[in-house]
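Chain nomenclature is as follows: A, B, C, D and E, assigned in order of appearance, with residue numbering initiated at 1 for each chain independently.
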């Protein structure tokens, strides 16, 4: 969506002020990250940080390295250079499941749901790390395992209610339309009760109403649970409205970083990404 | 030393023969993403057709000329394989577009059962011979260099050369033509391939016909070696480690894989076998392939397995 | 709508998936020659299904058209294969990209030219796609699976253009594309439409842009057409404005403010 | 009575998470168990037990085990026969080498040994995927084929390499008559089916399925691929191993490695796919299809009095069997279990078409 | 037709394999079995009792075999010939319970010769041990005395299965006795690839090579022998490696190869001529006419013949013209006495040796000859060999005793034998 589609009314928002009240310390600090695949430089010397409770957006043209950045944060990719500090501690080489254990959850640009499972089961997998029963208990089921399953089911039902997907809980996700799949994916991430949530284009392929819903969910999560959110999105309306700070990547380089208004005014950003109004 | 070389040669030639069968697997996999378990059955079917027609045609037409009989039989058998490819596409593959690999694999197992039954019903289940004039007696070479000389099976040598030629031709076909590209596209995504106008049905008939051709050549060579009988279909099991070692999608991989497996299993059987009481070559081939895979999970020349989020 | 020069005529089709799920409940729509027609609608409304029904890609999803007819220039096409349709100039850009993962970007594009036999023409088309999407040119040698989401989307669109289509079924072309590129894609659409008389049937969630570039629009909900009209008049419709464009009486609301209220679409409840 | 779930409101999550949430299903299963445990033993003929039901039950158990690996965890294995063999030969050795080893003990130990071997051969799955893994599992198949032939210690130095067991009993009850064997197998199968169902509907099962559907995403939400894959191999080979013990001890009585050849592995894979990947019920459907169909087909020409030679009959059986496999895959790629559930879904809508 | 049976018939279940990897060998065998049954029926049955029969296809697979057994069991079979070693093993435990004798002519468990332990098994005319023994005796004779085998090297190329492994203990014992070296070369079933094996043969240059194969393994072995230049004269096969399908496809190249001939073949005997007349000319032959008289056909024929003789013997005791139960047939099998006279009556004069079983000896005869392939046909050699009891018996006893302890079976005492 283009700048000129955005009526002036929106810009009256003052996100900085709001942030001032709730935003805390730096939780994630990325320093001089470089990542390349063979000859392709996906990320070059990128540094930025994410503060507690904030909504941090990453924007940039296609192939800028946004998704790669998320992959670096949760350990799917290992940068060749740079340091990552999570809650002040430097992370050495780390595998995705360890990131999950530290409370980092995410959604994917190309939906990565478990196609053969129902919505309910998909979201239940999100609680995987919180479940403690072992194989034998599961095999016997009655008793401890059942109690645990039900306890977690209650939590998952909360997520389902929250995302308003009650009526599809038993549907296999493969048969769902794209938009709902995205929502289920968010549900799976939320079920893990993460403290850092990485969202990769959660609103792609949605119409305005659905985007509004999605924004509502994101803002609510951020508000009610204080979850820190890193968001990649191409809809500038959304990004500018809901994020606290925005970092802009272009061809693997950082070309802008700041509150939405700053970014919007940044010449480099306009040239590389937003385009001049016409 | 002489014996070592002999083993090596033996292994290389056996390997070439495995490649010939492996080729059938690779072709179909590469072109449609289907792991064709019916390849063994196709080899048997083709060989049976070849053997029986070579026997029947002279009788029907009343002539007595081995070469002519073989040529005619080859033609008829090849035609049969094309018809078969067409029928398989019509009745089976076309109805399974866009299904998962394992479903298709299962379907080929069904086809394999069907072909086993059909082949033997049509052509009988005794032993038949294919005589295309392969030399049977061994040749002795380098008698001056090594004590006892080197014994080379001429039959295997001829077979290996034919196999190598066929494999090369097909490798070129895949690398150089637009059809080759279309085939790879189909293997990646049936539906997307359809959406851009690649006619799946025609592609599949072509590929299965080419695989049928490979099966026919393999059937003739193995059939003239072993005699045409049901066991011929089991030779496919020997080709499986070759396929995965070379990479499911690579024609050159099928050759190199064949050579490695051939040499590996012969050397292992002869030099290690006695420590284990012998008979180790079959599992050794698989273990060898497994070992390779641990280093390169996609086989030697296979396309890298993509997992990306 | 001007029906004298119909290219595509979909008449009351019903689609069932897996023999049980009735998804389209009688959808009719027309695409006149040389026009851009948009199908709009929420998640799961049946846009993709409609396009699949036209391009005959339903079979692979275990779906089938059980009622109604689809005509291309007066010819019934329900029983043609997708590749026959491509030969007749109808090509679909599938939702969710579907690039050939193991092929490079360039191979993907060339595969798109499968139905085209003329070498010079192919080269020209390739050039054209590269000028449309320069990003693809820089990534031409990477395997499609290893390119970014947006790059794959460009690849999918570019691939469809390689076959010299007369009509393109575009399923969510804007998805995952940077705003600038979205605009460019629609410019390309307009360009092809004007210069080469290519007709478009596009399913799009980005209603604002879609209505801006198309001539005519259908709104599908729940497997039925609930509204249709000239793009302009649709864009002016109050309901459309509110639910599809996110503009209510007092102008566009901030996404921050939509937070705590929600109204159901009138025709659903 | 109409097949409807309308009006059956769940008031608790426990009720919703039952194996059969619909009352009619519970009733049907209850009846089925009643027939299996009470009516069959009274009514069945010896032939039915020995040639149909016992092999059906045991192979269904093995298919169940395999289904956990293939259907739930997505790791295709062609080495099932090997794990059955390991179970059988291990149990045999526990039996002959440890005095007074009870059958159940030997069976479970056999299963455990299969587990160990299964996990060992499962390790490559951490790196090798899909069909490559499938073919690589054949290494297990051929290796065990060879080992049980060659290493005479495994066969207690039997000269021919074939071994046999006798005098089976459970808690003093002899397992000799066909009915006793049948009931024993039935009990074991029921217990394992229930355990497997429990596993698959809880966190463990979800982990497996997550790995199957998309392993990278699974890792990102905190599932350790190593753990999930190896537990799947372990549970699967345990069940398969137990099935191997039953096959050898109860069904055959005397066996050689050929009883667990590669054909067996393929046969089990058939069952799993035809029955339905990722479905416990599917294992039973698949086993019934593969065990019973050839027997019926075999007899049809005979019963109809059509004079066909044995060979022709057998070839025809092959052809029909192959054609049916293809037919069912076309009708429903997700197997008989899916067909069944679609049938039920239609029934639920009946008499309205959609 | 695969079956012909009526109420009041003596039932012969015919387990066969006419499909699969072993079909070329299984088919003539099955046809022989069937033809003889038809022949008996055509000539009035066994003292007027017709034989009812039904074929069941096993495909050489143990589980299919067991299924066949269970299916046919209900028809009160007289005896059963499983036609495969694996199936025999599986049935050995079931047969005593169901009271069905197992007739395993020339195959099965070598130890089952011991009727004291294996009450229901009848490895008539020879086991793998007697076969191996005869082969060694033959080699001894060729060399001019068993003592001449000292220092010689003998290789055993065998089917890697219980079938192929059975002769090993006996050969090892013989090797010890005569001081020859035994080289064991297993071939993984079904044996389509034997290059490594034959390279080893070439490397080790054994003085003789024994071939213990079945099905495709035999012809492949012969072809590899040709390809590695191993003299066919030094290659000797067991009786399962010496039939037409094994050499047919090798043809003249196999010239000089010899194998044990458990049974006569050819169409010259009175019996065969009669069968051709009464069965084949009547359009009732199970297989093609050309196959009649072939090696495996004759073996099948003999199995049926001895089974029929057993029924006859049983009828003599339990009542002529009656249908015998499995138990009664078992008695008949245990008290077979096919002497020269009877052989003449059967139309095989001079072609087989007398067979006489007893409670302890369930084999009845160990006589065997050698035949050699001359490029087109098998030529019978005149010498008969008998297994050396002093070598075989202790081995049999030891193995049978071990089996008895494993299975907690008590050796039959005299009273059981008398019954």
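The definition used in the following text is that a contact is a pair of C-beta atoms (placed from the backbone, for glycine too) under 8 Å apart; a residue touches a chain by one contact, two chains touch by 3 or more.
Owing to the predicted nature of the structure, the values given are computational and were not obtained by experimental measurement.
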(request) Imagine the assembly minus chain E, everything else where it sits, and name the touching groups. (result) one piece
(request) Give me the chains shared as neighbours by chain C and chain D. (result) A, B
(message) Among the chains here, which has the CA centroid at the largest distance from chain D's centroid?
(response) C
(request) Could you quickly compare A-C and B-C and let me know which has more C-beta contacts? (result) A-C
(message) Of the chains shown, whose Cα centre falls closest to the middle of all protein Cα atoms?
(response) D
(request) Just grab the chain with the largest centre-to-centre distance to chain A, centres being mean Cα coordinates. (result) E
(message) Quick check: how many Å separate the C-alpha centres of chain B and chain E?
(response) 37
(request) Between chain A and chain E, tell me the centre distance in angstrom, where each centre is the average of that chain's C-alpha atoms. (result) 75
(request) Report, in whole Å, the distance between the mean C-alpha point of chain A and the mean C-alpha point of chain B. (result) 49
(message) Centroid of chain A to centroid of chain D, CA atoms only: how many Å?
(response) 42
(request) Could you list the positions in chain C whose residues touch two or more of the other chains? (result) 21, 146
(request) Check each residue of chain D and list the ones that touch at least two other chains. (result) 146, 149-150, 214, 216-217, 220, 311, 314-315, 318
(request) Note the residues in chain A that touch 2 or more other chains, in rising order. (result) 76, 108-110, 112
(request) Could you pull out which chain D residues touch chain C in their complex? (result) 342, 345-346, 349, 354
(message) Which residues of chain C touch chain D once you look at their complex with the stated criterion?
(response) 16, 18-22
(request) Sort out for me which residues of chain B touch chain D in the complex. (result) 35, 91-92, 95-96, 99-103, 105-107, 109-118, 120-121, 125, 237, 240-241, 243-244, 248, 276-280, 282-283, 286-287, 289-290, 293-294, 297-299, 302, 305, 307-309
(message) List the residues on chain A that touch chain D in their complex, please.
(response) 74, 76, 95-97, 99-101, 105-106, 108, 112-117, 121, 124-129, 131, 133, 135, 138-141, 145-146, 148-150, 153-154, 157, 188-189, 192
(message) For the complex, give me every residue of chain B touching chain C.
(response) 97-98, 178, 181-182, 184-185, 187-201, 249, 303-304, 306, 308
